[in-house]
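The chains carry the letters A, B, C, D and E, assigned in the order they are written, with residues numbered from 1 in each.
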Amino acid sequence: MMQLAVRAEPLLSVDNLVVEYGLGNKTVHAVSGVSLAVARGETLGLVGESGCGKSTLGRAVLQLRRAKSGRVLFDGEDLTAMEGEALRKMRRRVQLIFQDPIASLNPRRRIGDIVAEPLIIAGVKDAAERQRRVHEVLSAVGLDPDLVAGRLPHEFSGGQCQRICIARSLVLNPEFIVCDEPVSALDVSIRAQILNLLEEMKARFGLTLLFIAHDLAVVKAVSDRVAVMYLGRLCEVGPSEQLFANPAHPYTGLLLQAIPVPDPDVRPAESVAAGEPPSPIAPPSGCRFRTRCPRADQRCSAEIPELREVAPGQFAACHHPLA
Amino acid sequence: MSNPLLTVEDVAVDLPTPRGNLRAVDHVDLSLDAGRTLGIVGESGCGKTMLSRAVLQLLPKKAKLTGRVMFEGQDLVRLPPESLRRLRGRELAVVFQDPMTSLNPVLTIGTQLMETIQEHLELDAPTARKRSIELLAAVGIPAPEQRLAQYPHQCSGGMRQRIAIAIALSCEPKLLIADEPTTALDVTIQAQILDLLAREQRRRHMAMIIITHDLGVVAGRADEVAVMYAGRVVERAPTRALFKRMHMPYTEALLAAIPKLETAPHTPLPAISGRPPDPTRPLKGCSFAPRCRYADSRCHEAKPGLTSAEMPGHLYACFHPIQMAEGIGA
Amino acid sequence: QKSGGSITVGQELDIPGFDPLKVGVYDTSTFTAAAAIFDTLTTLDDKGEAAPKLAVSWSHSDDYMTWTFKLREGVKFHDGTPFNAQAFKENFDRQKDPANKCRCAFYITNVKEVLAPDDTTIVYKLTDPSVNLPAVITIQSQNNAIHSPTAWKTKGDDYNRNPVGTGPYILKSWTAGDRMVLEKNPNYWDKGRPYLDRIILKPLPDAQSRFASLQSGEADIIWDDEADADNILKAQKDPKLTVHTYKGSGAAVYAFNTKVAPFDDVRVRQALVMAIDRPKMSQAISNGLSRPASNPYGDGSWVKCKDDGALPFDVEKAKALIKDYGKPVEFKMLVTATPRGRVVGQVLQQFWKRVGANMEIEQVDQATIPSRAFTRQFQMTPWRIVDLADPDPQMYANFRSGSPLALAGLSNPELDKLLDHARVTPDLGQRTEDYCAISRLINKEAIWFWTFQNTYYALSSARLKGFPKIYNGVIDVSRTWLE
Amino acid sequence: MLNFVVRRLLAILPVLLAVSLLTFLIASLLPGDLALVILGDQATPENVAALRRDMGLDQPLWWRYLSWLGHVLQGDLGRSFRTGQTVLQAVAERIPVSLQLMLMAEFIGLLIGVPVAIACAARAGGAFDRFMTGSAFAMLSMPSFLVAILLIYLFAVELHWLPATGYVPFTEEPLNNLRFFVLPALTLALAEWPGIMRVLRSDMIATLQEDYIALAKAKGLKPARILFVHALKPSSLTLVTVTGINIGRLLGGTLIVESIFALPGIGRLLVGAIYTRDLVILQGVVLLVACGFVIVNFIVDMLYAVLDPRIRHGHA
Amino acid sequence: MATLELSMQDEAAPVPAGRKRRLGLLFWLASVWVAIILVLAMLAPVLPLQNPVDMDMLERRAAFSTEHWLGTDGLGRDELARLIFGARVSLTVGLIAPMIGLTLGGALGLLAGYFRGRFETLVVGSMDVLLAFPPLIFALAVTAYLGQSVPNLTLILGVLGIPAFMRVARAATLTLARREFVIAAEALGASHARILLRELLPNVILPLLAFFLLGVAVTIVVEGALSFLGLGVPPPMASWGSMIGEGRESLDVAPRLAFLPAAALFLTVLAFNLVGDTLRALTDPRQGAL
């Protein structure tokens, strides 16, 4: 997958990753051969429908779910080959933020402890030092450490909890953060605050982000490049502006069309995609989108489309790309 | 115009909680004519669901409701339970937010569809079954006959929501309340479901209330929009009027905070600072005042009432309405 | 005396079976059934003397070492096979045969052999003289009940639960743990008997519900004991109920293990015995129904002593003895894990505490007590001297040194001499003398002590008539009728 | 499904093996030498030694266990040294009683517990709910040996409605048989229903908060239908588990109730066996009871699948 | 950043104020009862009570009097003293035995629910063995082997409770282990021990405690049943259960001998659960949040 190489040396590259879940005696093909690369300092957005494998991919990157095959290279090191202590060390450099901020905080621990936890795990013995770091990040995400540290998660709103999660993931100065739908559970009015905060933190700490979301507008607002997933496969990758302006994969096009626009003058287009997404237990042969694709033909069911460069920096996996 | 189908008059809902009384809905007035669509928008916890449950008389047991909910000339609040039960499902139907949880996981789809039909239309089982199949076909479910014997978990989210809609439509209700019917769904499916609702509404000449927190959802689909904040309706207007000439700073801020596809990546969003007030500790003044950039001392002292704007049917509750706002953006 | 009808007997225990080789020793519940199913050679009449049953007459040699019984003719077992001397001998030989390892053999160690010279004569050859043999063999025990040899041979393992005798009732059906249905034997040799058509035996293990069953009519007669005094007193006041009681011989007794401290010291033993206030104890455990015992024979026995050497109740003396002993007195007493056992244990504990001795109650199930006793793994254990017609078998077994049952483990040559003498002496007066001397000796040495004499109770509906004396605590309903 | 059944059955074997080993160990380590118990008073050391040899008691423990196991695998559970009955005979006599008692007790327990739970859940926090919760605790605090005798006094001695003790087989007098079982079953049921009620009540309360119940109400269904059709089934998984455990427990007999009501159940058989050191019976019966327990567990698993189609179809 | 202002102050105060209000009279009555019982049980030996084992054999089943406030029992022992000393035994057994179940069963359930796989199969299997084994036989064997004493009794009842606690803990862990905060801890590189102790345990402990309270009631009653069978506390020690059993023999002569301890047991069980329920509601973050 050399053509996916980005401008600079990638901080993270995912190579032909396959992740499956056992379900009774069936197998869920959650991620089926995805390759990606994220450059240092870049934000890669990852969009796709619910259940298409975004979270699984995110977790596999962090080795929270071991891949069946494929490799995850982080800063030149193969995470998939790592075990135990080495992996735990590596985890300080790679962090994760979840969709549901309240669920990702232990309801029975105080905020101060939650945010200090990574430091304890990393072996920072000095309590005063820990305290200082906790204060620093909590202030950085806009929370008053003195007010917040002694309280329990349930005393906070979703937006505040997400700040706490962000603070927790920043406390070890990581290089890379996987944001797994960090704003989906938040209200419109709070969402913007968090998106702004993420952008700010990114600039301030020089972070690289893998930003997962199903809301295209949200993804576009924060990403340099966007990858579109469908049923465990990558459909399209490209620089945000370019991809949104000229989607090459029919699925990307469909997604763009379906976004409701808050303008009464834009009449919503009659929905184009027919049918329901197929099950990842028995994914369709060939192109996985073919069952809902208006352009599908014989070839699509026979042959798995490879990612091809359709425009500079923009890759699509389609036999019949748009325009 | 003739008598509206539904009028909500001065409805307030109080919930006793351990932390004190929680006013979930704060003196709301609404009305809806037959065949029309009302959109209710607002962020989480602002009382949208409580309002819709007040209409359906499905509030939690400990909730206290004041005001009147007139439906076809009857006050639902004072209706005896049995009459209310006959009305529900038959005249008043509802679709909930989450299709994963709103269908009973242990009953077949057929049972769940047919029981409503049999309950209200007093049809025998074969007829009810036939009708169920028609309904499923109408909401676009392939092979409806087989589906009847299946359980909800065997259907995808979109399909489940269609089934929920089929149930809601089964007795040809006069009013359909859709409480965030697509929030849990993907954009592509969301579009399908919203289209389906619109189509069925037109075909059956139902009145419909769509509740959502996504302004985009109501923009193209509602005749009238009510914006709620902290239990109150803060602005109400015909859809076009609202989006063109909003008067309420909250509506404006809400719209502005949504990321747009047109804007370039990494553009900072105009976020609304702070968060909604704690509903158990109501503010003396305008509840949006602490977050409002126009707020002055008056806003903190007194609650603004709903005032009519120049456009007919446009109401807002603000001391400092935005005058010049034209279109979207800030 | 009316024929017909049926009664239900409420018993305490489940009956395990009747084959002596299997069950070894019958318990009181089994006795009741055995009394109906089997006949014995002799039976006890109202005066407590041996009367004919399957034996019509008997005689003995002068040295009381040989007894000859003439058998009743024409008697048949329930399976139709004839009862005769040969059948009797087979019964005896089967128990005696060492290869069979029957527990029951122990009780016939004093019988060398039984001979059957002809069909209607049997001869007991004894190892020691026995003056009272016809009375001794009246009880419907594992040794005396006469089984059909054909039946046990053909049924094998199943015979245990399908007994065949000559008795007035035939086993009809039997559900383990529940009911045993006995039907009248139409061919019973004693014409005109039995009266009842049917007897149902049921184990009702719980005393409270057993009495409730009598009250509500589920049972017509129930076994009871004085620990259940409240119910006995209630039944006495109830005109619909009759209380049957029999003051038997023997007593509830306790053995000290004199091989282990602190009971290797006679002062401790005496102190403990002197600490017991029997009348008060009777109040506490049975509302005064229990009759204090001062010797192992009791008022029901023919052994009547002017002086049995009983130690007096004397707390001060007891305290002094303990003090004299010097060391702390602490020990464990075995107690059956029943309400009765617990109450008695606690009362004794209380008496001993008052004189400065600490007893700890060790509750064990009934099956454990014999095995603990035989292996001498106890400091003090309860025992019972049952209501036998002659004191010899039990006294000899319990006190003669070397006997496995001599639980106290104290060998006293004088005691041995007296025991040996008593059993070979034909003269009743002389024997009484011996037994009183034995009692004095035991009381003085305090190797065992007695609390209460055996008193047996049965509560029945007032309609039940003809119920005999409760010899040995056996509820024998085989001759009763309903009014 | 077949696959599921086979897998479950395979999982059962180690449990049964472990139970039998445990029983064997416990039974063999129990104080009180079996040979002595059998021989009793006259036991001479030679006799005891001979009997021990005859019975194989002088063999090492593992050998005895293996040979017992070998017999069991050939379907021979052995014969009681005391009554001469085979284990199967003994159990066959007793099991109908224990089964009927268990079924009736569970039935009555459910009959009281389920409606009460539903009524309580329907008005959680109300007067009835509080009263029944209190009553449940009162019942929990009443040992069965007290309840039993109270019931006997009331229904048998005072009112003469029901027999105090005893039993007839169902096959002989069906009606009478039921009369005999009412009081013992009620005694057990009175101890069962608080548990049933608590479990179902809290699950029902949780279920009644679900969206689909709100939707059922919005559909205008009758309250009874909502409670019994929509809410009861999804709330009954824990109930089924608890009932399963109860049944398993009751299978092993209920010594106290059996003794008081003079029912010839498994409990008295087992305890009798242990008192008389009838190890063959003990060992065999415990094994059979364990089998019963395991089968009940298995049925419970199947019931899950019946109650919840998601489990049936291998989801979640 | 300027957009982020948090009005924390106005929320900080009301929470404790709100908590006090909801406790209610019943809770206080229950707490007072629990406190009284616990104090009486603890102080029993130093209280001016009559000796609970001293018999006045001629004063059996005496009625209430100034000398014996609650009368005497079937052996003429002071009923009040026995009730209070009985509380000592019943509460010791009733609290410690479930504690054994709680710790062992809880730990096993936690580990099984977290590690799953073969370990889980093993744990569940061995619990099935324990459940399949008739409990009475187990109790009989242990007392026959180890002797009869309060510690042994506690041990038996404790061991018998393990499977139930294991189930509760495992079920709770299974749902929790998939929760995001656990995955978050894992993502931070926390060790298994840390996740178990810091993340899971505090959350699993609550349902366990609720179950524990029920276990207290059940244990005290089961102890009574064992006493009835002669497997309970060794006499002359009193426990509520054994007192009910003894009182049962004279139900129509002196019903109070059975009903006084039964009432004490009922009130205590009820009070424990009332207090427990309230405390649980208070510490439950979800309930507090609403």
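Here, contacts are C-beta pairs under 8 Å (C-beta built on N, C-alpha and C of every residue); 3 or more make two chains touch, one makes a residue touch a chain.
All of these numbers come straight from a predicted model, not from anything done at the bench.
Q: Which other chains touch chain C while also touching chain D?
A: Both chain C and chain D are touched by E, going by the contact rule given at the top.
Q: In the chain contact graph, what is the shortest path length, in steps, from chain A to chain C?
A: The least step count works out to 2.
Q: Taking CA centroids for every chain, report which one is farthest away from chain B.
A: So the farthest one, by centre of C-alpha atoms, is C.
Q: Chain B to chain D: how many Å between their CA centres?
A: Centres of chain B and chain D (C-alpha means) sit 52 Å apart.
Q: Report the inter-centroid distance (CA atoms only) between chain C and chain E in whole Å.
A: 47
Q: Indicate the whole-number Å distance between the mean C-alpha point of chain A and the mean C-alpha point of chain B.
A: 31
Q: What whole-Å value do you get for the distance between chain D and chain E if each is reduced to the mean of its CA atoms?
A: 24
Q: Would you mind listing the residues of chain C that make contact with two or more other chains?
A: 208, 365, 368
Q: Two or more other chains touching the same residue: where does that happen in chain E?
A: Only 3-4, 6, 11, 15, 140, 144, 229, 245, 248, 251-252, 288 qualify.
Q: Could you pull out the residues of chain A that touch at least 2 other chains?
A: Each of 160, 193, 196 in chain A touches at least two other chains.
Q: Can you tell me which positions in chain A touch chain E when the two form their complex?
A: 59, 62, 64, 87-89, 91-92, 95-96, 98-100, 103-109, 117-118, 121-122, 142-144, 147-148, 152-155, 160, 165, 168, 193, 196-197, 200
Q: Touching residues of chain C toward chain D in the complex: what are they?
A: These residues of chain C touch chain D: 10, 14, 16-17, 19, 22-25, 101, 103, 105-106, 109, 157-161, 175-179, 202-206, 208-210, 212-213, 215-219, 365-368, 370-372, 374-375, 397, 404-405.
Q: In their complex, what parts of chain E are in touch with chain A?
A: Per the touch definition, chain E meets chain A at residues 1, 3-4, 6, 8-9, 11-12, 15, 179-181, 183-191, 194, 198-199, 202-203, 285-286, 288-289.
Q: Write out the stretch or stretches of chain A touching chain B in their complex.
A: Spelled out, the residues of chain A in touch with chain B are 49-50, 157-160, 187-193, 195-196, 199, 214-218, 220-224, 240-241, 244, 254-271, 273, 275-277.
Q: Could you please specify the touching residues of chain B with respect to chain A in the complex?
A: By the definition above, chain B touches chain A via 43-44, 142, 156-159, 185-192, 194-195, 213-217, 219-221, 239-240, 243, 253-255, 257-261, 263-273, 275-276, 328.
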